[in-house]
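We call the chains A, B and C, going by the order they appear; numbering starts again at 1 in every chain.
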Amino acid sequence: MIARRALLPAALLASGTARAAAGPARIVSVGGAITEAAFALGAGGQVAAVDTTSRFPPPVQGLPQIGYMRALAPEGLIALRPDLLLLSDEAGPVQALAVLRAAGLPIATIRDGAGPGAAEAKIRAVAAALGLAGEPVASAVAADWQALDAPIAALPRRLRALFVLSATRGAPLASGRDTHADAMLRAAGAENVLGDFAGYRPLSAEAAATLAPEVIVMMDHTIGEAGGIDALLAIPALAVTPAAATRRVVAVEGSYALGFGPRAAQARRDLTRLLHPGIALPELPARPWA
Amino acid sequence: MGVSLSLASARGIPPRVMALALGTVVLLAAMLAGILLGPARISPGGFLAVLQDLLGIAPLPDAFLRDAAVLGVIRAPRVLLGALVGAGLGVAGATMQGLFRNPLADPGLIGVSAGAALAAVAAIVLGGTVFGTAAGLLGLWLLPAAAFCGGLLATYAMERLGSVGGGADVATLLLAGVAVNAIATALTGVLIFMADDRQARDITFWTLGSLSGARWAHLPVLLVLVGLPMLILCTLARPLNALILGEAEAFHLGLRVDAAKRAAILLSAVAVAAGVGFTGLIGFVGLVVPHLLRLGFGADHRIVLPGSALLGAALLILADLAARSLAAPAELPVGVVTALLGAPFFLWLLRQRMAGAGP
Amino acid sequence: MIAAESIGFSAGGRVLLADITLTLVPGAVLAVIGPNGAGKSTLLRLLAGELRPSRGNITLDSVPLSAMAPLALARRRAVVAQSAALAFPMRVQEVVGLGRLPWHGSRAAVRDDAATGAALHRVGIAHLARRQYQTLSGGERQRVQLARAFAQLDGAARPAALLLDEPTASLDVAHAAALLRALRALAAEGIAVLAVMHDLNEAHFVADRVLVLSEGRPVALGPPEEALAPTLLAPVYGLPFQALPDGGLLPEYGAIPGRGFAPPGPTPPGG
């Protein structure tokens, strides 16, 4: 058979000098919130390459791009000579991950969840993978998040909101439950009008009229792709909504508002203010990562 | 068409020998390029060290562990996967064109791609729920196994629908193929509607094809499921040659036309469906490669079939090399590369045909 | 040789052929004539084994065609159909060489190249051997197909049969005459020839016997002098014929409007 060492170098790459007490020297980070967490933990200098969903903090924009996180390239990743691959559990395809594991690349898979507690869990997991103390950052993020709980819970009612993922062709694609958008709408004192459906669903005009959202939330770049607010509100499925009548469209930056990374509390604060103008929210302390 | 042919005949070498020798050289060169080149640079020293370790001459120094991983775990299985899948697509394409007597035919006509896509999409969307038990049992093999079965079932359905009362004329088979494709595509649409965002993106990438999941464990399976039908298909060269004259003429020349058709269709489906399961859909290899052979060496299927295997393998290896390298450290879907190469060629072919069909 | 015994053929509820009984005789040429739609090509396809008769039996040396493997049949009879178009470009030599397919794996295969060459010479197209079939004229293609059939019968056990569907259709008179002579020469070697024809004079020239078909039924089967009698053919074609001194036939087309007679359009005043 073909030589055992050439074929089975698993764990050999992982061992040795790289993972000494100093932590990994070259990290490839896949997943926006995970990259943010690595930077927030002070490991930004070691990040050698990122995927297309990693857009913050600004230094990542100068780093080599490994492409879309669900189409990973085994050889491309190995060519970067990382001694740790920080991987969102959203990354794939599974076949390529199997090749990477067989090739012996050290991989830490981080759960890329959403909702209360997701951000600090992510930070703790990244810290553990990097061999760093994550508690200060994690608890600060948790404290900031919890500081917003009481005033949001005290809102007289939940605002009926619809999150539109894209509206460039055909029926707009809207977020149901079990999505990051749904989690953030709930956290910001809104009710997801599409909460009865799981995942992303094309929205018909009739359904939209029945759901009657008071506000439409979108990622800022998708509004541009749809041709601006006027073109957007002319789409039948959106034109029939109360939100269109009052022209209440809220634009958020996707990786910021939906990432559930270190800036989750700030994103929650900002979205809450956009949805409920005039709400009194506590000032959050300045954080180096926000 | 003359250059290589006249070259061969000038020296008294039969075109068949010339074509297959040339094809073998091209394939070996492509394999070598596929092994040696790529975004992870391997120094000659690293390559030699790994080679020496393989041959048991000298143990691998620790400095070359990464090179060994790139060569042994990533590139070698990937090049071999590309060779097997490309060879299968090439032979199946040549068979389909010969069988349907149409230079624009490809394996998609017999429903195998659409059927495999439907099953693969089902595995992606329902893998965690409906097929939960199968997914747990098969793991990473669920998708290839599903695609293989789906492709075969669709082709079988097409073949049954298309052969009414024992006989199967080409026009009926083609229409049955259209119908099976339409049904499979519609059902795929239903599944895409049910898919969540992440699954929808997986489906998109699957339909663009990639060799990035290549593992040694896949190769013995493919060697059997692609290699065996390929060898048998190559023995259909004479029947396919007879079909160049026409179906009735093929019968006059002693061919059991319906049996040959059935064998050609089902064997092509096995070769394509097995490959597609591991790589996703890869277009244009099956269409373009047989044409290159015919342009260089004429229509004789004793050349076109084995030649398409060799050239299909070489083409997919090179397309994958481009896919790995052009956007490094990211990777282009290999189907995109083959389409970018193949589509202009296809257009050129159409124009040639239109010019040829003139007065 | 090939014998049909009161065969009939129906498709889609329509009777296309009925009550045909004939035997192909080695060494003789049988011409099948009749108006368009008379069932000539259907008869040829039945005798070739391509179609099964709905009634009656067709046998080759007393064995039913339906019981013979296509390959065994192909080693005893060749067929030249009407205007075969190739799916892919091929050289003339390769097309003629396809005639040797039935002999693959047999002892006769050693003669493949010789048989191909001989067939090319026989039909007078040796000079076209390296040409692309696609670039040939209709007449040249017809001769290539004939050479292919000749190659197929080279080395065939006798008696063997050659079935042709309108072999002279796209040939000029000189090439047609040459082809008919080649058919006679082949018959002289003990091959039974059946040719579906349109030109009655060619039938008269080449055939030992003529079968006249009309609406799927045999009207006459006999030597040309009998079967090609003007009185017999007139009702079949709905056209009078004039017998020529050498036994040939001249159809009387009758007056053609617009040519030297009344000009088209309204009748001129006083006319």
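The criterion applied here is as follows: contacts are C-beta pairs under 8 Å (C-beta built on N, C-alpha and C of every residue); 3 or more make two chains touch, one makes a residue touch a chain.
No experiment lies behind these values; they were computed from the predicted model shown.
> What is the chain whose Cα centre is as far as it gets from that of chain A?
Greatest centre separation from chain A goes to chain C.
> Write out the two chains that share the greatest number of C-beta pairs in contact.
Ranked by C-beta contact count, first place goes to A-B.
> Taking the mean of each chain's Cα atoms, which chain ends up nearest the overall Cα mean?
Answer by centroid distance: B.
> So, what's the distance in Å between the C-alpha centres of chain C and chain A?
For chain A versus chain C, the centre distance works out to 78 Å.
> Averaging over Cα atoms per chain, report the distance between chain B and chain C in Å.
About 44 Å, centre to centre.
> Measuring from the mean C-alpha position of chain A to the mean C-alpha position of chain B, what distance in angstrom results?
That gives a centre separation of 38 Å.
> Two or more other chains in contact with one residue: find those residues in chain B.
There are none in chain B.
> Among the residues of chain C, which ones contact at least 2 other chains?
Expected reply: no residues.
> Which residues, counting only chain C, touch chain B once they are in their complex?
Per the touch definition, chain C meets chain B at residues 45, 48-50, 69-75, 77-79, 81, 84-91, 94-95, 98-99, 101-102, 104, 134, 148, 152.
> Show me the residue ranges of chain A that touch chain B in the complex, using the header's touch definition.
Checking each residue of chain A against chain B gives 2-3, 5-7, 9, 12-13, 16, 49, 64-68, 70-81, 90, 92-96, 98-99, 102-105, 165, 178-179, 198-200, 202.
> Going by the contact rule at the top, pick out the chain B residues touching chain C in the complex.
My answer: residues 1, 97-98, 101-103, 238, 241-246, 248-249, 251-257, 294, 298-300, 356.
> In the complex of these two chains, what residues of chain B are touching chain A?
Spelled out, the residues of chain B in touch with chain A are 38-41, 50, 53-54, 56, 59-60, 62, 65-66, 68-75, 78, 140, 143, 193, 195-198, 200-202, 205-206, 210, 212-216, 278, 324, 327-331, 333.
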